[in-house]
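Two complexes come next, and they have one chain in common, chain A, joined by chain B in the first and chain C in the second.
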Partner chain A sequence: MDLVPLLVSLLYQGLTIAAFLILCSIGLMIILGMMNIINLAHGEIMMIGAYVSTILVSSGLPFFATLPVCFIVGCLTGYLIEQLFIRHLYDRLLSALVVTWGLGLILAQGTLLIFGPFMPSIEIPFGSIQYGDFTFSVYQIFLVAVAFGTLLGLHILFHKTPIGLKTRATMQLPEVARTIGIDQHLMYSLTFSFGSGLAAFAGGVLAPTTTIAPFMGTQFVAPAFITVVVGGAHNIITGTLYSATALTAVKTPVGMFLGAFAGTVGLFVAALILIRLCPNGLSSIKVFRTR
Partner chain B sequence: MNIIDENPRIREQNTKIENESEESSDNPSSDSRREFIKASTVASVALAMPAIITSDFASAQSGGPVKIGHLEDLSGNLAVYGLQKDHAAQLAVAEINAGLTLKGGPIGSGGVGVFGSTATQPPLMGTGSGDLNYLDDGGDRSNETVAYVEDDEILVESGDDGILGRPVELLNLDGQSNNNIWQQLTRKLIQGDKVDCLVAGFTSAEREAIRPIVDQFNQLYIYTNQYEGGVADANTFCTGAICEQQVIPVVDYMVKKFGPRIYTIAADYNFGQLTAAWTKATAPLVGGEIIEEEFVPLEVSNFSTSIARIQAAKPDWIFTLLVGSNQSNYYPQAAAAGLEYPMASTVNMAQGYEHRRFSTPSLNRMHNCVNYIEEIPTKRNRDFVKRWYEMFPDDPYIGQMAQNTYFSVHLYAKAARLAGTTEQEAVKRALETGMTIEAPEGAVFMEPATHHAGHCIRLAVADENHHVSFLREWPMITPWWLQRMGVNLVGKKEYKQYIPDEDPYFTMFSN
Partner chain C sequence: MNLLKLFLGPRDLGQTKASGLVIAAFVLFLFALPALISDYEAMNFAYFLANVPLGLSMALIWGYCGVLSFGQVAFFGIAGYFYGMVAGNMVGIPGSEIIGVFTAVGMSVFVSAILAYFLFFARVENWIIPVITLVFTLLLETFLAQTAGYQWRVGTVLLGGYNGMTGIPSMRFFSGDPLYGYSFYYYALGFVTILFVGLRLFINSKYGLVVVAMREDLQRTELLGYDVRVWQFGVFLLAAALASFSGILYVQWGNYITPTQLGLVAAAQPVIWAAIGGRSSLFAVFVATVLMTWFAFTLSTQGNQLSLVFIGAATVVAIMLFKDGVVVSIWKKVSALIGADRKT
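And then the complex of A and B:
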């Protein structure tokens, strides 16, 4: 086996796994980082996104046109959940945890009752390219661009716009933010809706690579939580980025040379060590701090 | 009141007559007798009509409805399989309650079909010479085709009203793809509901989670899934296909057709590990070799690393033993990455209908030796499929384990009628009499010594449009491995699962 194609394959695998982790975790990270709410219905909101895109594709819409719809439906769902439940649960971390968990169950079971155990999947767009012994899915490369593009967009949103400034102010010192006239509840509603919208968008964009089933959310939740915990909520964007990179850097080579089981174990061991070394997450390490 | 008093007796009489008809229902010469019995059934049912009003009284006399406990995953990662099995049980129970049964008895009617090339004429004795020992071959072979018997309807009158005159009640619960819940619900069904028969289990992990409870109460238990084999349990009857029926034929075919280098990618739990062990043991027998085995945890849903590993290993074909909805993601992801190896499996396609769910050509050249798949073209199966979709018009597919559950519930009913009681030990003895049941797949033989089923096995393949066709057929493959291990549950009760490590066979031919 030639070395160069192998390295290219490892890079491709690493980037696609990192993209998967980023897409899974970004919505969860925003809600946790901004509002200190652990949203256990995160996987189900991603599932809703996947269902929206699948249903629209099967009714004739082109796949890429469905993605904005996923985002909007996610935002609306998030807004509804925030208005009905979450706003009564601020500062009650555990209550919010239980409520969102129950919501997740209801959403998944409801989907099973309405749409049955499976939906026909969307065809993966684009096809593949070959290099050496390896072939690469163009859509996975597209996902890498989407994941890192989303992070870049969030960076601009949070650090270069007035609304981003207000959001960060609310996140850091809510009382002070209130005194300068920022409506804290409005910021929370917006954040929860936006986080849910991103989760649904991620579900939609990942939909072609996955089984469309009511309980598909569970496959995203574990990677999402590991990424979020390792990254820490100190800085949403760098946290997600460093965490996804660090975990992938361990998982990819171990998985490639020792198999999927060892790769999964490697990921968990890496997460364990990283959490032990920096309990507040990678984004809290001084050298990584961007602000 | 007189009529009411007489009623149970009429029913009993009725049942006795029908038991006779049951045993001989495959014999065409009994047609007239059957007609007579049918007429007498109608008459006695008419006589028994007032019993409906007093059904409480009647059931108190006969012990209430026959309870079949059915536990499958109706939600969670495995719901796609559980829902099919649940519907299968409902269909079978509805048929039993409507007085219908699948044909069968001490020996099946046989003769389902063959695949091959056709001769232009039927072979003749002694053509062209006076030598009657000479049989001509019917002329030149023409096109390759499927020839199968358009056999009689296999669903016939049972002559019974439910089971032994008692209605059948299906208690179907949801195991939620969670082994702890499986154990709780099994206890509830056995201790709380006191079911007469338990039909349950998709994964081997679920089965092994509840089997100790089953054995604690000596509960009659039917496990209807295809699995890795090896369960020798006096209380358990395994009606799904096992490795010697599925792995060996498909590995043999694949090695000859595509080459010896096999890459196994399997779900990381007892089913995947043990089926992979079978593959490893039997590959050398047919000239194949396992170049790589990869076990994937059930949670894994991103396969880019596995796909790269396969490409680095360059196999001739891939043996996929992937389970659950997360792992089905492998197929679209592999197709998108341009992976075009032929594939074989014992589970995929026939269970999770991946060929219907995923866009073409993700399942192109997928081979599977199945005991059942919805596409089997025989009349008996077409009828079964029709009956199914009449009852469940919105269902997406009928998988092999759904068919197993369907005939297993009917098999239980036949055994209870043969035993003349629903007393569980007696029904277990009846199931050990070498019964054959005519299932939609073909004749299924319940092998008494090992409590496993002999199946009609077909090699199914999907093309690039995901159309299924059949390459080979084995009308009856006996479950032989437990016999090789000396298991005879009729003579000696056991309650364990044998694993390949216990048998030198599995290392005998490895390099």
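And then the complex of A and C:
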């Protein structure tokens, strides 16, 4: 076996795992960073995204055209949740957490009642390429591009646009941001719907790689939560990036030698050790802080 | 009497002798209930009682200590599985069930200590604990669900994968008969009453004051000279022990346990009992646990697919509309009407 294809294969595995972690966690991270609320219905919102794209594909739309629809449906769902529930619980964060969880149960079971336990899966686009002894899925490489592209887009949004400046101001010191005329509640509802939109988009874009079922959200929940916990809420982009990198370094070897479930357990153990060393997340380490 | 004064202390409903009588009447009613129902119904009713320690553990950790944990069902499950493994391997040996109980509680507390060490000694932010405990519960469920097959066995006991562990021995004191029906009902009720009274005495004591102080303001409590890391660690272990008693009662009741019992959906149960009852009242959570499990039991025996939607909706409504919980709100309304209780 040649060394170069082996290294390429390792790189491929690492990047796809990192892309998966980034896609799963980015929507959650934005909401957490801004509002300090963990959206426990996150997995269900990803599930909604996957359902939207599956339903549209089976009614004849091309797969890539469904992704913007996923995003919009996610935004609307998030907006409704924020307006109806979260808004009233800003001073009770743990209660907000429990409410999103109750909503998650309703969404998952409601989907089961309406659409039944199974959905036809979407065919993976693009096919695969052969290099050395290894086969690589082109769609997985596309997902890597999407994940890092999303991070880059968010970086531009947060650091180069006026709305990004307002967002960062509200994140940093909400009271001061209010005194200079930033509508904090508006920023919160925008953030919550944007984060939910990204989650649904991620669900849609990951849909071809997984089985579509009402409780599919749970498979995203563990990696997403672990990434967010390790990354911390200090900086959305660097937090996600460093956390995904560190966790990939754990999951790739463990998953390769001991299987996928051991990989996830490895993630959990790594998260426990990392929060013990760095309780506020990797994004709070001085060297990494860019805010 | 000193103990009575402590029992009617300031950190639960029922602080006067008159309202303390209501609580005593409730417990006495539970003791008298078997006179009204059959042996079989008593066994069913024991199931509702078996859940009470789990509800109380949620009240302790979330309501009194201000730490939201989704890991209580995991400790419930760990205890259930360990009881099954220990007692199941020693069938017929007198006292094996009692050894099983102690091992099960010990293992649950041991696992919770590992988690609690990483969480509390790192002084993590408030939102991290529910997230980490939820992931822990999820991973444990996933792990147990894939333990099907003959290679997953401890001694003669199969873990059983998604179908779960079966044939778990019922409770038996040494060489007595296995408890069933009335006798199991009284065993469970005795267990639950001791835990309830003990926990109530604890929470009304000066130690309970520290627990509540940590909920109100961690930093101030620390500045008063308490090592909050150690205190939170201790309360977390106590809550895990409580949850594990439920797990043991459950497997002794039904003789089986499946990964579903400690899954994501099951994790919703104690949260909703605490939210509906009123999480900072042990008595309210006690009542809510019995009533809600009764309700859920009735729904599920009728094969109702909507039960999860109901559970989710009830959680949302309870949190949005009843900040203090339904049982506590009713109690306060009634006692204000008749002027019986001091303000809690």
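List of remarks:
Assume the second predicted complex is superposed on the first by the 283 of 291 C-alpha atoms of A that agree within 3 Å, B and C clash if a C-alpha of one lies under 4 Å from a C-alpha of the other, contacts with A are read in each partner's own complex, and residues count from 1 in each chain.
By definition in this document, a contact is a pair of C-beta atoms (placed from the backbone, for glycine too) under 8 Å apart; a residue touches a chain by one contact, two chains touch by 3 or more.
Predicted, not measured: the structure shown is a model, and the values here were computed from it.
Aligning the shared chain A places chain B and chain C in steric conflict. By the touch criterion defined above, A:T16 reaches chain B but does not reach chain C. In the superposition on chain A, contact of A:G153 is made with neither chain B nor chain C. Contact with chain B, but none with chain C, is seen for A:P120 once the two complexes are overlaid on the shared chain. In the superposition on chain A, A:F225 makes contact with chain C only, while chain B stays out of contact range. In the superposition on chain A, A:P68 contacts neither chain B nor chain C. In the superposition on chain A, contact of A:F268 is made with chain C only, not with chain B.
When the shared chain is aligned, chain B and chain C each come close enough to touch A:Q109.
Chain B is struck by only one stretch of chain C after the chain A overlay, and of the options 79-87, 133-141, 259-267 or 277-285 that stretch is 259-267. Common to the chain B and chain C contact sets on chain A are residues 108-109, 112, 218, 222, 261, 264. Across the interface of their complex, chain B is touched by residues 1, 6, 9-10, 12-13, 16-17, 20, 108-109, 112, 116-118, 120-124, 126-130, 133-137, 139-140, 208-211, 213-216, 218-219, 222, 251-252, 255-256, 259-261, 263-264 of chain A. Chain contact summary for the complex, chain B toward chain A: residues 75-77, 79-80, 83, 177, 268, 294-297, 299-302, 304-306, 308-309, 311-312, 314, 325-326, 328-329, 332-333, 335-339, 356-359, 394, 396. Contact residues of chain C toward chain A in the complex are 62, 66, 68, 115, 118-119, 121-128, 130-132, 134-136, 138-139, 142-143, 146, 264-265, 268, 271-272, 275, 305-306, 308-309, 311-316, 319-320, 323.
Those residues of chain A that touch chain C in the complex are listed here as 32, 36-38, 40, 85, 88-89, 92-95, 97-99, 101-106, 108-110, 112-113, 218, 221-222, 225-226, 228-229, 233, 261, 264-265, 268, 271-273, 275-277, 279-280.
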